[in-house]
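Look for chain A in each of the two complexes below; its partner is chain B in the first and chain C in the second.
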Partner chain A sequence: MTTETVSKKSLLTPFNVITGLILVMGAALTVWRFGWGIGAVTNLDNNNPWGLWIGFDLLCGVVLAAGGFVTSSAVYLFGMKKHHAAVRPAILTAFLGYLFVVIALQYDLGRPWRLPYPFVVQSGTTSMLFEVGLCVALYLTVLFLEFSPAALEWLGLKRLRNLIHKLTIALTIFGVVLSTLHQSSLGALYIIAPAKLHPLWYSTYLPTFFFISAIAAGLSMVMLEGWLTHKPLHDKMSEEYLAQHDDLYFGFAKGASFVLMGYFFIKVIGIAVDNEWNLLGTGWGQWFLFELLGFVLLPSVLYAIGTREKNLKLIRWTSLLTVLGIILNRLNVSVIAFNWHLPSEMRYVPSWQEIGVTVFVCTMLVVTFKFIATRMPIFYDHPEYKDEH
Partner chain B sequence: MEHAFYTLQDFLLYTKGWAYILMGASLVVFVAYWKFLFSRDKD
Partner chain C sequence: MKRRNFLGLMGAAGVSATLATKAQAGGNVHFEGYPGSRGVLFDATRCIGCRKCEIGCNEVNNLAKPEKPFTDLTVLDTARRTENEAYTVVNKYDQEGGAPVYRKIQCMHCLEPSCASACFVAAFAKQPSGAVTYDESVCVGCRYCMIACPFEIPTYTYDDPITPKVIKCDLCDANIKAGKISVPGCVNSCPKEALVYGEREELLKIARNRIGANPDKYIDHIYGEREVGGTSWLFISGVPFSEIGLREDLGVTSGPELNSGALSVVAMVPALWPLLLAGVYGITRRTDKINTQEKADAVAQAITETQDKANSDMKAAMERARNDKEATVKREVAKALEEAAKAAEEGDVEKEEEGA
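What follows is the complex of A and B.
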């Protein structure tokens, strides 16, 4: 068998074929959306101006990218140096997460060339959307700079890499401040819609709920990502990364367990403050309890058991449960419990094109992650910079 | 938990009362939960 035959054969893997098909579909949907307008591909209307692209691509994209600021602050600000090897994968995931949030947002907004408009053409700086836009733009820049040493090591640009490496602590602090601001502001966006969002999900504490749950999501995403990449990228992982692997899970599971317990209590206090106990007995109340007990309290307890029993398998499955719970929460706030009082024929259900674009964006993220992680020093230290940490 | 409220003060007394009870309970639970999480680390 010649080398050419081998390389041709290796290209036709199930992963590549499925990815290729999704990318072709996504390209066609992109032409459709930008050529014929948002109305041609979505089920959005004046009652439901924000749909799946905001509820999943943006809200879930941002919250699941919280692993970047959570891991870098744990290592560089709180001194948990033993988890150092997890920083680069977490930063890469966060950077790509935010990058594709911005790309996905273009499908919702249209006219991509007007992306900088909020910073120059706007009616005031007190707008919550302006705050979110500014924070995301700044944080994406911070993440790009935090990620760039890996790319510069790969490109062999030593001086520039060393210069940016010196900014690590400053960038981490900046990242934590910006994340605190916009993770909570995304929740604050829904405070202006008390008549539209179901009272069980509506609360003046929404910014706090969004921020606290983002910490749990970030910790869980780092564990889930470690689990998902463990097999396919095993040959790219350094001994240091693999040696720290189990400890990272036990440490992060403890953190996530405690944060989720705190999140559970503030959610219950939110019900008490608004006196919504009677709503818990309704159908919506059962759905709310399903989310709160099944995807907040249960993972908190499972993480605790997993870390006490040193049960890696349980912790991994719990990280998946937590991530699904956070996604469910964001979709409840933005889509499912939003406009809950409207008759069913006026309720929003995403079109297949909207789902197709979301799958397309997620696939592009996975492909880009794979491209970078197989080439640049993400799961291992570059030999020239091994002793620098 | 149906409850009749006749004044704003009545409502706030009730809701804040519950909120403070829950906050107090959460502080006790957090200490116990912390001990539960970290107790095996000493072994």
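What follows is the complex of A and C.
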């Protein structure tokens, strides 16, 4: 779909109307939040200093953007070259994912304009959050550079584009290092709070859990996204992208199946090391098993079946199941099983405004993605650079 | 461990010692506390729940007066926690068949504070005086310190859109350093001497003596001596600590110690990952190259083979053609000869016939 045809069509499509309403609501909430303070719009309190904005916007946002480093390293470092057409969509999603994570964070920070303080005023190097902040800031830059060739091709800035293109491998390696660090550091944030996080989710292996599940999330997100963008952006996709598409599914599904199985095993080891078998019988234990069996073991098996039977439909639905499972896990760690020891009237439930801001941020992400993907060479090669990969 | 050793180790561990301009904020190794640092001993057997300490704290810190006056003791009927306007609160714990027990809570001033090791701008500092202080001027408002504090002490001014900040008891450090008071406000206003301010080492001795002199009256444990690595506030009680709202499942490991494992791995990733990945990339490229080479070789060989075959085919064909030609010529010659012979014969016969 080209810009001309868009403007000729009526702008009052259901998509545009709903998007418009959400953006208006988001603008109002933004004024409310920054004019009247965090307390005016959230259910956060002294017992529950972190809510949906950290649990979903930050933790889920970052893990679901893992598709960028997973795809670029699979293609450039691990030799899955034939899937190179999948790199750009994945990098774009990751870049926008991180960008909007940082934007969402502005709502949650008490004094967001001080965000650079840890790097320019005073550094708390013992803090896991310092680790996270530093890596996310650097990685956002890396992603910007990785994404920029698409924008530069669009703008016709050849020389700069070629210069950055030469850095591909270095950027990919740097991206993997930074992703490893902050994906795991996000889990490590909770290591300091053994008294607050339920023992079934608390583990000294939290960083490893977060990192391994990020790989599964990254692989699954690439598949899920391919599925979701297939229809609306079909005519923007090159034949090469489409031709590799099914094959990519089988490759990534196989990988995700193995990774999820490994994740399942280390989660079990986590229980064994802390000897928490007896806790599995409690209500929390059932909730834990629901997550572990229904959203880790099951998708691992389904992916394996899907690859074996070359069942595209099964693989697609499994990618959705996996992504939902990872979201459930991050919410369990940050909100649901966090502060489990508090009486129910002191527990946190997000306010509608918090949910509203989250929906607002996600909508902005989708709109921006659509804007870029319909204009820049994302799903296809720019004709002038077709042969160099 | 001596402070000098401590800092030396910190340096060796490569953590904040060089970066932190403030007093040590909490690091990677176990820290026994600054020598001569001060704290407070709270004796739950002496506390009568009069809330005078709350008044004292409110006054020295110029806090807003609460809705219900401090003299209203019905406030004690509901469990309370520290709030923005109350750095300390006293709670009542009913006992079966006995008088209720009261317990004051405020920042414990941990020896190795979790809040300090959690803060990414090092806004908290464990002072040599014993106090854990907070510096509002750098605070970004991430509230990770509140997540990290095992005693759920720090509070946040959520309703302030411009200058929200973390709030907690500072052991009256600012006021004492300014010379306004010499003893914390709460300690000063306690009518029952349930609170004693002094050097932590001394407080531990006093606590041990009290327990030793009255073993039936006290639980044989000083809460805060080792909990989460030790705290500057110490508690002794006649009933189990978990019954007066002090968690006994916090363990003796400090926040910084919990973190140290994960932090040490952090250094490994940038050190090793690039090399491993570069290696993998190298292997991939090598494999690619070998593959390409093999492919090229195969193609070349195929070409040579085809060419050879073509050549030999050609040769064979030529040979065959030559042979064929020879054969044809021979055959033709033979044929011609035969025909000639036949013709001659026929000529003879005709002649004979003619002649007959």
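As a working rule, the second predicted complex is superposed on the first by the 376 of 389 C-alpha atoms of A that agree within 3 Å, B and C clash if a C-alpha of one lies under 4 Å from a C-alpha of the other, contacts with A are read in each partner's own complex, and residues count from 1 in each chain.
We take it that a contact is a pair of C-beta atoms (placed from the backbone, for glycine too) under 8 Å apart; a residue touches a chain by one contact, two chains touch by 3 or more.
This one's a predicted model, so the numbers in the text were calculated from it and none came from an experiment.
In the superposed pair of complexes, A:Ala304 makes contact with chain B only, with no contact to chain C. Once the two complexes are laid over each other on the shared chain, residue contacts for A:Gly110 go to chain C alone; chain B is not touched. Once chain A of one complex is fitted onto chain A of the other, the partner contacts of A:Trp277 are limited to chain B, with no touch recorded for chain C.
With both complexes superposed, C is the one of chain B and chain C in contact with more chain A residues. Looking at the shared chain after the overlay, A:Pro232 reaches neither chain B nor chain C. In the superposition on chain A, A:Gly37 contacts chain C only, with no contact to chain B. Of the residues of chain A, not a single one touches chain B in one of the two structures and chain C in the other.
Those residues of chain C that touch chain A in the shared complex are 15-16, 19-21, 25-28, 81-83, 114, 116-123, 138-144, 146-148, 150, 152, 154-156, 158-161, 163-165, 247, 249-251, 255-256, 258-259, 261-263, 265-266, 269-270, 273-274, 277-278, 280-281, 284, 287-288. Chain contact summary for the complex, chain A toward chain B: residues 254, 257-258, 261-262, 265, 268-269, 272-275, 277-278, 304, 307-308. Against chain C, the residues of chain A that register as touching in their complex are 34-40, 42, 44-47, 49-50, 73, 76-79, 81, 108-112, 114-115, 117-118, 121-131, 133, 169, 173-174, 176-177, 180-181, 184-185, 188-196, 204, 207. Chain B contributes residues 1-3, 11, 14-16, 18-19, 22-23, 26, 29-30, 33-34, 36-40 to its touches with chain A in the complex.
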